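Two complexes follow with subunit A in common, the first pairing it with subunit B and the second with subunit C.
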Partner chain A sequence: MIELDESPTMVTVGASLFADALSAQVASPLQVQWAPPVPGSDADLAVIAADGRTHAASAESVRRLTAASPRWVDVVPAREALGLGPREFLHAGPPVAWADASGPIRGALAGAMIYEGLAENFEEAGRIAAQGGISLEPCHSRSAVGPMAGVVSASMPVSVIEDEENGRRAYCTLNEGLGKVLRYGAYSPEVIDRLRWLERVLAPLLGATLRKRGPVDVRSLIAQALQMGDECHNRNRAATSLLLREITPDMLESGARSEDIVAAFRFINGNDHFFLNLSMPAGKVAADAGRDIPGSTMVVAMARNGTEFGIQVSGTGDEWFTAPAPPVKGLYFPGFGPEDAGLDIGDSTITETTGIGGFAMATAPAIVLFVGGDVSDALENTLRMYEITLAEHPFYKVPILGFRGTPTGIDATLVVRSGVLPAVNTGIAGREPGVGQVGAGLVVPPMSVFVDAARALARRAAPQGAPGRSESRNQ
Partner chain B sequence: MIELDESPTMVTVGASLFADALSAQVASPLQVQWAPPVPGSDADLAVIAADGRTHAASAESVRRLTAASPRWVDVVPAREALGLGPREFLHAGPPVAWADASGPIRGALAGAMIYEGLAENFEEAGRIAAQGGISLEPCHSRSAVGPMAGVVSASMPVSVIEDEENGRRAYCTLNEGLGKVLRYGAYSPEVIDRLRWLERVLAPLLGATLRKRGPVDVRSLIAQALQMGDECHNRNRAATSLLLREITPDMLESGARSEDIVAAFRFINGNDHFFLNLSMPAGKVAADAGRDIPGSTMVVAMARNGTEFGIQVSGTGDEWFTAPAPPVKGLYFPGFGPEDAGLDIGDSTITETTGIGGFAMATAPAIVLFVGGDVSDALENTLRMYEITLAEHPFYKVPILGFRGTPTGIDATLVVRSGVLPAVNTGIAGREPGVGQVGAGLVVPPMSVFVDAARALARRAAPQGAPGRSESRNQ
Partner chain C sequence: MSTRVELRRGIYRDSVVLMQVSQAVAACHGVAAAIVAMATPLNLEIYERLGFDPAAVEGASPNDLLVAVRCEDDALDAAAAELERQLAPSAKQQSDGFGSPPAPRTLASALRRGGSLALISVPGQHAFVEAMDAIQAGVSVMLFSDNVPLEQEIALKDEAARHDVLVMGPDCGTAVVGGLGLGFANALRPGPVGIVAASGTGAQEVTCLLDADGVGVTAVLGVGGRDLSAAVGGRSTLAAMKALDENAATEFIVVLSKPPDPKVAERVRAAAGRLNTPSLVAFVGMGQGDLTAATAKILVALGRSPTAPPEWPAPYERAPRPGFVRGLFSGGTLCDEAMAIAAECLGPIASNTPLQAAWALGDDSQAPGHLMIDFGDDRLTAGRPHPMIDQSLRLERIAREGADPQCAVLLLDVVLGYGAHPDPATELAPAVAAARDRAQRGGRDLAVVVSLVGSRSDPQGRDATAERLAAAGASVHLSNAAAARTAVDLVEGAGR
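Up next, the complex of A and B:
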């Protein structure tokens, strides 16, 4: 008989290979292996590299982004929070006119017009919109973000996210749940009825709960959820669970009608994506903290409207760099296939912009069952993103990588220089208005938007030691 | 400008090494590298190997264990569920007398006697117990399990877990929360008051909720929690969250007093270990399904009482094989150190016995912050356990290992043959009665209990093709 004084050592070759490979990578920084820069971009990259401001400006951008402390403080009507007029509508992605709008955006706009009492049906809404009877603006232009079509109208309630560091605010609608929903371009009566329930029952209850309990620390919830298998873009099951634990006691004591409280709990409980509409504005308020620093090459927005994919960069203000929206490679719901799919859409890429979502897929291996691929893809996505980012997030950690911070703060010039594009996972909307979600998958952003951003950064670059060439920060 | 049609391939050496190592191990079974058997056990192992029943019997044991479908069906007083008389007490681990009982068991027994009105204080309880005024029995002997001291008395409410496959039941007390609690040997008035609240408020509310909603599928909750960073022994944050989501709507509609419902929600919400007292009886009812199969070498119980560590094996009935309880290596709470620690204690090793807990640590890398070690230890613990187990669990999966089933069903002869001991993580109780929890860590079971079990199996072995030598299954 033998008694061991301590834990026996490894006895399998395979296991130790795995553990060794892991420890080696956890213990030391990844070796960086540059690919040649995108042809034609060398001159721009050289000018930016010679700009004495670049390094410090980008470092300050990502410092501000990662220092943000987003808190959920209230739920109020969009007309109040965003100053939206009765005929003003926001949408996801870079600017787009009705004539160029994708099916999901048209469907969602029509639904929002019906909801606001501006139209009776899709056809009437389309006529009014085509005649310029409504005004369209990106969510991003009003400190807001919207998943998928991202349509916001005056009566819709929005969550208010406040950065405790600097008082800045960002906004997002409440998540409507699954199935036929406005954000995927559906506009049937059940969709409109649900929007009214959100406005009349859920929003006042959540607002009252938050005012009673005080702010919910969204950064802490994301940090915990990343240790519980979420990446907080397409997997939010842990975060939604933790959120319910945070708010339920005060919801119960809010003084609201008991049947409304039960309905609210069941509604949130029935939709694991509920938290997405908080992780998105949490990202927005953090990314906005890093905006408008002359010389900074950090991406502060990536967003798509189903027609175009666009980015904004800190050093180039509100300018959008756009290219045609790419298709999504993924898994389809039963009854749908690639021929039913719209192009890439939504502001939810704000998650990747701020170090979670596709950038944190190593925290969420189970997500491959939803978006496709296998577990090693999830790990590789995260590891690859360290190549193009400015920092490792101080609060968002990847347990399986030895609690390394998630790769955070995309450097547009590193993307161009390395040829590595941001890893994005996403839902897939039906291409026609009215259909809804048809699947989920992975998308590769167009390289040209990063090349164009580098060109614009180069145009504004200051010679070494001199101030920047550009007078105005907004074009 | 270049546009990529598909995702770029890996650009880092380190990353691809990691992914390759992972995929290689996920894709093909681990190479098995036998160590020499424990000296002196060769003859027993040879006899068992020659027993024609062994292979099929062990396979049937683990088939029954992994087919179990544990559901939480009710909460009722222990006197009803377990037939406990007013002076009958259950405790964790193998049988122990008061004279040999560890500090935590003495403290918890005294607390339970005070709670039952049999004694006024610790000293009086000790005198009564020492004079044989109470009877002691292991939880395991009444289809129950108890964490740490595991003391159960007649008035305590217990959860009823029913295996939907075969109707078998197992029982466990409600988790009392953190800090000074009976299960860690504390017996102060706050401990007794909380036990009364559990009995008078929480238990009736949970019972009413379960009878209203129907059973909670505990197997499904464990399966999901393993994809959310729990291993369901020392980390139950995801499982407790999912449990709250399951029961809250019906709790709200149970007709109970609103303030009791809020108090119940806050109580469960305040204690991420609440689910442990469901994962344990879920393991118990599954392990019991694999019991009492002649020739089976599968371990059906591992349990400790702070004095001894004991196991039971399917082919040897209710016989306990015991050895002195080992110390725990781990992390201590502020103000405590190894000199304050009691020896290994509790029935919670039923989780490891059934393929979760220390066996599923690869699902819960964040647990190393609680029990010590680093992330590669968590992975290695799980990988090493495939060496000594009979099956990969069909419902409990490890995402990071490509959704491989957890290593399940310890084969006592494989332990002896390979020298690999079960990986166990655990809380650490203070050595003195009344102290409570002082830390958490990892423990290495004594090899001798597996050697002794192999000897007993060999004694009962049948020559090839002949029936077993042993007439009675219970010794």
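Up next, the complex of A and C:
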């Protein structure tokens, strides 16, 4: 019950007059920097707040997310792991048809069809796809995630990430490296050749290595890398190094040909983003643990396909809330500029969804130019994310914030209330098929997807929790 | 067209930095292509694609900084200068420290940083969500916001019961907790009386009268004007009574409200009877005694003999005069009480918050006879600060009444304390003097009576405020009831 003998520690929200009046009594309050929520959302927010399940459901979602213990257990072909048929293809982001697909997705699909022997060239692949000769599905619908275009086909090897907590699994292809690569929509012969090398040399080697040594603790690698300057989305240099150190002895003892081992070592060492394709499924398996809790307002997926930006929320099942994909604000490789850029794309926002990436920007001062150029901007980015998240990650820590846990578990209603949008780091794909990566930067997700999610949560609210709906609507 | 290609050994910059440098150099006037990057295989490929000569970078290693620019002949110097400027450690890249953390955007976020009591004054349709944040964090709430839907008020109070916290409000104007005044609150000394109030200015009036007699409070817990309605059923009133009953320092509990729903009134009286602490339930209003009388009962119950509340008489003789009483109030309960007292002698009092529906004022706020306006009523505060802060509407009306030959007596309230106008006498005293002058020029003696609500410790200075208003020609009364009676006595033909 209310404490009457001690002078209270005050928190104020609203008219500054009352905060001033408290300061005059030598009791300076903490004043909320309040602004009205997105117009038209107040009735939905009230219904959600009145739903007796909301508080506990969201807390349980983020508890499960942060308790996940992702391990890298194997590398196997997608047809085995995901049950992909020869004409089934996965892509990044919310569902999209060939007719609406962005340049990078078309390029990557064409490349994958060439790789699978379904087409000779881009034109033929396009004809087949346009006539419905292949089926398309989001990675997210098969417990997978894919960076950028995120295209997965049956023959591609995928890493298997298993949550030690509950046995749940998530999947992601092997990272192809930089430059002209399938995930950025490139499909030239060198791209296809590299995919074959991944399938025939690297994947069997890594699979054998993992089966020999046992699982790699991905959560532990992420936790260490965050203390070595990575945020595990746009910077994976430390994590990749740590991973290589971890698996090298077992690679050497795997019985593979030494030239293959050397090639594998060089390939991973030459690609700072190799680990991204492990941090992403690690995030996926954690986010999925928080799914499908009725009443929970936690975001369990943010993903883009170059056409649309979409989110999924725990309390609304598999429903996607989408809006046109925004452009990326960023830095471009020499010879490229904003006119060459495709719209925001990729499932890599699963990192931000699970408390790393842009949310852990304060751990990665080396890449602060993405967020405005100053270390204090990086810090501010992470601090701002605590405004829209449900918890601080128990394993992922920010050294410069006194080892405070990273802001984890986006609450869709807090986004709508505060107007603070998730900070997302990302690569920039060329807009035309075949070009590849042209830069990297920051993207601001569309607010409307969070407003739509709040609307859907309100519609599903428990029946007793509907005070104020009609009144507020009529105002 | 000039081309310059060089490899710089031993210089390393992060690729992100170099992307920015490349962009800046490429943006220079006359530059056709530029690349500044570590000489990795990927970057050498880009270099070639930009049309530079591979032979010029033979033997480059990824640890070399590759610089290549192609531009108009006369642009080379400028581009080179820009390159050096970009590569030099610039002031922009020096952090100026880490600053302070961003301000919290929601009450939930703020309460994670600490806090044991939340004061909410956002617009009514947004208040529910913020209040739920506090309740679910186990923190009691003073909810100043008005226009909160009734079902939301009930939902908040039910949630508060589940978390064993108190919701003071909505539409709660004043509270004192742990010696701290919240909202519009007077500076009150600690003492034995705990007050539960459904009426903000009523609680301020009673506590200031107690203060004048040297009696302080443990707490003033507002509950909101609707708490004792049939729908809300006294949820917060009963919880606040329990909190005060469990508080060792509280020796006497007062429940203060306008006449409530009869069934709820019964429930509150029954609950008061079960308290371990002595109590007084004062439902003030027409025919049920006034706030000054209730204060006297409290003092008697505490074993004190009440003294007459302080008065500061007008500096001239006054006698009943023809005309009408015009009351201009900022406190709703003060206005109600004055109307109840005046109506007994004078009959109908027109008002925007009338005692009887038939006495309602029109939209123009004009009426020929006796009239009292509550400027703190929702309909008059929409889009402007409360009249306890912004007196402009009242000042305007004072001037108009000074010019109205029908106006015989002007009755005003002045509420002091934290949150209120920092020095109301500075505006009111000249307005009172001017209105009296104006009336005098019309051959009238305009009587001005002020009901002053203030404690001896209020920042505006209770006595100084009273003296300045008296000097301007008003008679000033700490008791609102006494002020109302004085006003009534100053008009001729009161039905005595």
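Note that in this section the second predicted complex is superposed on the first by the 424 of 475 C-alpha atoms of A that agree within 3 Å, B and C clash if a C-alpha of one lies under 4 Å from a C-alpha of the other, contacts with A are read in each partner's own complex, and residues count from 1 in each chain.
Quick note on the criterion: a residue touches a chain if its C-beta (ideal position, glycine included) is under 8 Å from a C-beta of that chain, and two chains touch if they have at least 3 such contacts.
A quick note: this is a predicted structure, and the numbers were derived from the prediction, not measured.
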**Request:** Based on the superposed arrangement, let me know which partner A:V76 touches: subunit B (first), subunit C (second), both, or neither?
**Result:** neither
**Message:** Quick one: is A:A208 in contact with subunit B, with subunit C, with both, or with neither? Answer first, second, both or neither.
**Reply:** neither
**Request:** Answer with first, second, both or neither: which of subunit B and subunit C does A:G419 touch in the superposed model?
**Result:** both
**Asked** Is A:V262 touching the first partner subunit B, the second partner subunit C, both, or neither of them?
**Response** first
**Prompt:** After superposition on the shared chain, which partner residues are touched by A:G335: those of subunit B (first), subunit C (second), both, or neither?
**Reply:** second
**Message:** Under the stated touch criterion, which partner chain does A:S448 make contact with: subunit B (first), subunit C (second), both, or neither?
**Reply:** first
**Message:** Per the contact definition in the header, classify A:R384: touching subunit B only (first), subunit C only (second), both, or neither.
**Reply:** both
**Which of subunit B and subunit C A:S241 touches, first, second, both or neither** = first
**Item:** Partner chain(s) touched by A:P36 [first = subunit B, second = subunit C, both, neither]
**Value:** second
**Item:** Overlapping contact positions on subunit A, where the subunit C interface meets the subunit B interface
**Value:** 1-4, 6-8, 10-15, 17-19, 21-22, 24-25, 30-33, 35, 366, 374-376, 379-380, 383-384, 387, 400, 418-420
**Prompt:** Which residues of subunit A touch subunit C in their complex?
**Reply:** 1-15, 17-19, 21-22, 24-25, 27, 29-37, 42, 45-46, 49-50, 55, 178-179, 331-335, 366-367, 369-370, 373-376, 379-380, 383-384, 386-387, 400, 414, 417-420, 439-440, 465, 467-468, 471-472, 475
**Prompt:** For subunit B, which residues count as touching subunit A in their complex?
**Reply:** 1-4, 6-8, 10-26, 30-33, 35, 38-41, 224, 227-230, 237-238, 241-242, 244-245, 248-249, 252-253, 258, 261-262, 265-266, 269, 323, 329, 365-366, 374-376, 379-380, 383-384, 387, 399-403, 418-421, 423, 442, 444, 446-448, 451
**Complete:** The subunit C residues in contact with subunit A across the complex are 14, 16-17, 19-20, 22-23, 26, 33-37, 42-43, 45-47, 49-50, 92-93, 95-99, 101-123, 125-126, 128-130, 132, 134, 136, 139-140, 144-145, 149, 151-152, 154-155, 164-166, 177-183, 185, 187, 194, 218-219, 221, 239, 242-244, 246-247, 249-250, 385, 389, 418-419, 459
